[in-house]
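What follows is a pair of complexes built around chain A, which joins chain B in one and chain C in the other.
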Partner chain A sequence: MIPTIAVLSVVAMTLALGTLGLRFARTTSNFFVASRSVHPVWNAFAVSGEAMSAASYLGIPALILVFGVDLLWALVGWTIGFLMLSLFMAAPVRRFGSYTIPEFVEGRLEAPKLRPVVALMVILASWFFLLAQLKGAGVVVRELIGTPYWVGVVAVGLMVAVNLSSGGMRGITFVQGFQFFFIFLGILVPFVVVSVLWFQGDQDAIVTTDFPAFVESTTVTYDRGVTFDLPNSSTVDAVGAIDGRAVDGSLRLSAGRHVVGAETIITWPAGTAVPFADGVQRLNGDDWAAPLGEKDLSGGHPLYFTIASLIANAFGIMGMPHIVVRFYTNPTGREARRTSLWFMAMIVPYYVMLPLLGAFARVAGPDLFGTGAVDGATLTVGRLFDGISGELITAVVSAGAAAAFLSTSSGLLIAMAGAVSHDILSAGVPQFRRAVWAGALVSIGTGLLVESININSLIGWSSSIAASSICPLLVLGIWWPGFTRKGALATVVVGGGLSTLASVITMFGFVSGGWAVAILGTPALWTVPLAFATGIGVSMRDTDVVLDIGHKFALMHLPERRDGAVIEPERP
Partner chain B sequence: MTATDGNELQRKPAGQRRVVLHPRTASARRLDRSRIDGGHVRGYTTNTDEVLEYMRAQRRLALATFLPVIGCIFALLITTIVWDGLGTMQLGRVNVLWLVLGPVTLFSILGVTVAHERRALRLEEKWMDDRR
Partner chain C sequence: MSLFRSRRAGFSNRLDALTALNALSAAVGRGFNQASAAQIARTVIQVLDASAVAVTERSGVLATAGDAVDWGDGIDERTRTVLERRRTSRPTIFHFENERQTIDVAVAVLGTNDDPIGTVHVVMAEGQSCDLAELHQLASLISSQLQLAELEQSRVFAAEAELRALRAQVSPHFLHNALTAIAGLINSDPTRARSLIATLAEFLRTTFREKKAWTTVAEELLLVDSYLEIERARFGDRFEVRLNIAPEALPVQLPFLTIQPLVENAIRHGLEARPGPGQLSIMAEDAGPEIAIYVEDDGVGIDPEQLREAMEGTGETTHVGVLAVDTRLRSRFGDAYGLTISTGANAGTKVTLRLPKYTPT
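Let's turn to the complex of A and B:
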């Protein structure tokens, strides 16, 4: 009950602050870039709120629960991405003075025909990322309230649309700043409490190096039908359907594979080694804690996965529209630099604490291995504690999860709506509002179909698309005067096209295992270098160079005046 | 690009001669007449060469930060591949690799970011001082 109240409080606060934003948001500049008046520290809160998404909050602990230490590389990749964002992008993108990434590309390259193509890439990358947030919403609401998966997806989609159509970027900046505190507390509180247990010498109650087992008699509800592999035979109490037969009472399950029907409830005795659902790899403690080995990452190629996810996460962050557009809201390029610094100081402690929730879940939530619902790993940490303290910790963690998917969903939807209304339709605030609702409804519809897809797969595809299309456009556009229109088009077609194709092939299950899954499921390892090489190669052979390059580079790179006068660049 | 015959040019009277440039050369000459030259951008009077030189200085600084970080990360990755015992090594019941990939690496990247931003801002200040 307490966790439900905590989540509803976050939702109520989000709606209240979003409605408040309506009073301040009137102009196009309000809606797209919050009038470029956000203080760097508050903007860092908002960027953190966006970056601390359901992908990290729920997805990383889920993967760490199953695969262990290898997933720390994903966090290293994201952190390098934020470093690169600070080194290569924060100040120049703000100084150029655009509202959106496609507008930046058009202004830098004088290529109006390229603008809708880049807008399409922005929409695709944001859409995959938004699906992951909606999936997280469905999982969290189901875990807490017991509602069907679709309730969380629809509720969050509609709520975000209401907020964005009311206050745009200005309103949502305010909301995301507050949501950051909930997300950070959701990780900090369990970290501190469990650390106290650890230093009291109760380590065995927190982490295990054995195969996971039920510490005490545990009743598990299998919401969806599942096939699992039971390591040892066990006598259980069950209500529902097992191996195609109706059961109601005590029965002995032999070691081996069993098919469990939807809505079946099984009570496992204490000490039983947990069953593992199909698709969830069974690793002993040493294999789990050590890197690489025989892990089933990228179709059994963990080294490929490690390098590819490093590249996808690092370069993907630089191309993520919802992160990049936040830097447009700073008053100056110098303030954008300060925002990136404050933001790094906030995200690094979060990334340091986050993996521990996945490690704790091996003791706190071993039933997840059997149900296959590992995306709920973060929410299990409260089970380490009895009574009201456990409930309170679950409440704090759940409130953080709700804030995470609400905040990131808002940023993604604003990026999608901005691309549609500003870059494809070239329209103003009324069309922005319509684009928000259209984007929300399409995302809700597709979000209902991705229940069986892992959150991190969706994030991986989104990152690969952003890393292979938007990132090279921005990096080459900002730092290389020789980058041309044809080079940019070739970058998007080759990098964006191939990464999208690979993602769609994997999403619809056209590849089932081995190297094909590795190469197509995490394509960034080859699409990112290919996109950069194509952009550079085509531009070097292109004779049609962009005119007035000195003026464009001056706009992007020259610092603001020391006397504090803010001279806005002319709109490209 | 129009092919030009040198002998034909020699036969034409001086008033009818046309200088045919490679498009790259033509573009480069056009760039020299950028709107920035002799004009004002963000309150400064400067020219294309100065702007590009300043951009290159910032780019060198960014790459001087980025490339060593990437080198260290790949060295760490190779270490985890070749050093079998690293995955099971413990320090006070905490796995060493978890410590290295967690707090050590992430806080080091934070430190690098802070150092870079300070140097980048100093470069901006210097550029402004030079134009007083």
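Let's turn to the complex of A and C:
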């Protein structure tokens, strides 16, 4: 009950601040107050709210729960990406003045025809990322209220669309700033209380070094039908269907594989080694706590996975369209850089605390191994505490999750709708609203289909596409004067095309194991270098030059005057 | 993708020809410069199936395309010759040779008879000759496009000039009112009078600074503030100002003097004529890749019919400032970004303007 109230209040706050945000922000008769730009620190809150998504909040603990320490590299990858974004992209992109990435490409390369092509990449990358957020919404609502998965997806998708299309983005910088506090608290509170428990010496109650087992008698609802592998035989209470037979009452389950029907409820006695659903790898504590080994990452190639996802995450973040646009709110490149510095100070502690929730879930939520719904791992930490304190912690964590998927969904939907209405069709506010609805409906529809796909797979595809198309366009466009139209087109076709193709093949399950899964499932390892190489190679052989390149580079790289005005270099 | 179309492929169908010409008129629409000259050269190659093309202005080569040709010093001479003869009626063929090559160059003039602005030099592939009639037609087409661009340019200049004239015309009136109001305050409230004079000086300095064509929403709001400060000296508490500014809108670039004329219009033609106190509200909203700005007053309003005629250019109006802003926005951002005005007699006026967050320089 308390967690549901917490989530609803985050939703209500988002709607209220979104609609009234303007009044809250700058309603005054004082022009000096009204024309003062957003402080870099507050904008950093907003960037953090945008960047701390359901993908990290729910996705990382889920993967840590199953695979252990290998996934720490994913966080390192994101951190590298944000650092590179801060150092190499935030200020030049802001100084150039472009709002969307397709606009930047058009302006930098004088290539209006490339704009819809780049917009398509923006839409693809945002769409996969948005699917991950909606998946997160479905999981959180299901865990809290027990509704079917689709309820959360539809409710959150519609809510974000209604909010954005009815003027809810009036105070988006403020709303996302507030959402940051909820997200950060959602991770900080469990971290602090569990640390207290740890230093009180109750360490066994928090982490396990053995195969996970039910600590106490646990009732588990299997919403979806599942096949699991039970290590030892056990006497359980069950209602529903097991191995094709209807059951209602006490039952002895032998060790081995069992097919459990949808909506079956099983009560496991304390001490039972937990069953593992198909597709969830069973690792003992030592293997879990050591990197690499026999882990089922990228079809059994954990080293490939580590390197490829490191590249996908680092370069993908640099190309994620909804992050770059937030720096536009800063009036100058200098302020953008200051924002990015503060932002690093906020995201790094978040990334340090976050994986611990996955480790706690091995004790707090061992039933997730059997249901296969590992994306709920973050939400289980409250179960380490009894009674009201446990509920309060779950409430804080759930509120953080809601803030995470709401802020990121809004940002992504804005990026998608902007690309459709502004970069592909003609501009206009009504057009933008229609595009918001189109984007939301398509995402809700596809979001319903991804229940069985891990949040992190969706994120991986999104990152691979962004890393192999948008990121090279931005990096080469900002830092290499020799980058040309043909080079850019080749980059998008080769990098964007191949990574999209690989993701689609994996998504529809055309590959089933071994190296094919590795190479197509996490394609960034080869598509990113290929995209950069193609862009550089084609540009070098291209005789066309971009006119006025000196002017454009001066615009991007020279500091502005203190009042924000650009020192206009002489045009040739 | 036309980016990869072979240079020498010529036309497979009429559609390609039309596409090339369309791209040409779009490029030339922005005037005769390096970029449009490059587009002209590319189009001429495509249309005439030439091997190399150079486009010159009076003083030298602007752009070349096609095979590498040593245009040599001869090109300036040829350009001069053609331009001086003013033989725009017919392109001329020059025989041009140096130690490495011997080529025939067809040269046509761009621009009008009275005002030639450049030339186009065409070299055909080995064994082919240039159809002078085709070249002539193409050069005339480009010339008329250039003339259209010039016309458009003068429309923009006219709008700029109108705005400047408006400033010059309004200022004595506005100055007189402001000074009278300040004079009334000098004895009763010398501190306020002094600060008003400082504000007036600052306002005039900013307004007459013509060099800077662009400003940000934040700076424009500060200009509006000093304007209102002076108006308040005259009107006292007769109108109340409300601001609703989304911080996301503040860094957006816009032409200098866009919001201020709208505010001035709201006061002079809306609130001044209204009996009793009125309200002026300025709002700026974030809308993804664009922002929307609203200037609204609850004054006497405008007759919509008369306004429509004035905006279509068929009628007269006193709201010249608003019209000038409208013209400037349309010429900078395109017709989709013109002003939207909702008004009625005694129903107040609401002017809406949209701005893209990014405008290519």
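The rule is simple: the second predicted complex is superposed on the first by the 538 of 572 C-alpha atoms of A that agree within 3 Å, B and C clash if a C-alpha of one lies under 4 Å from a C-alpha of the other, contacts with A are read in each partner's own complex, and residues count from 1 in each chain.
Criterion: contacts are C-beta pairs under 8 Å (C-beta built on N, C-alpha and C of every residue); 3 or more make two chains touch, one makes a residue touch a chain.
Only a predicted model underlies this, so the values are computations on that prediction, with no experimental measurement involved.
When the two complexes are overlaid on their common chain A, residue A:Phe128 makes contact with neither chain B nor chain C. Of the two partner chains placed by the overlay, chain B and chain C both lie in contact with A:Leu555. In the superposition on chain A, contact of A:Thr329 is made with chain C only, not with chain B.
By the touch criterion stated above, A:Ile172 is placed in contact with chain C alone, chain B being left untouched. Look at A:Met344: by the touch rule set out above, it reaches chain B but stays clear of chain C. By the document's definition of touching, of the two partners only chain C reaches A:Gly97; chain B does not. Of the two partner chains, chain C is the only one that A:Gly418 touches; chain B does not reach it.
Contacts of A:Leu547 after superposition on the shared chain: both chain B and chain C are touched. Overlap of the chain B and chain C interfaces on chain A comprises residues 547, 551, 555, 565. Taken together, the chain B residues at the contact with chain A in this complex read 1, 22-24, 27, 30-31, 34-37, 41-44, 46-48, 51-52, 54-55, 58-59, 62, 65-66, 69-70, 73, 77, 80-81, 86-88, 93, 95, 97-98, 101-103, 105-107, 109-110, 112-114, 116-117, 120-121, 124, 127-128. Interface residues of chain C, counted against chain A in their complex, comprise 1-4, 34-35, 38, 212, 216-219, 221-222, 224-225, 228, 240-248, 250-251, 253, 283, 285-290, 292, 336, 354, 356-361. Residues of chain A touching chain B in their complex: 69, 72-73, 75-76, 79-80, 82-84, 86-88, 91, 203, 286, 289-292, 303, 306-307, 310, 334, 337-338, 340-341, 344-345, 348, 351-352, 355, 479, 481, 543-545, 547-551, 553-562, 565, 567, 569.
Taken together, the chain A residues at the contact with chain C in this complex read 22-23, 25-32, 34-38, 97-100, 103, 106-107, 110, 113, 167, 169-173, 328-331, 414, 417-418, 421-423, 426-429, 432, 485-486, 489, 547, 551, 555, 563-565.
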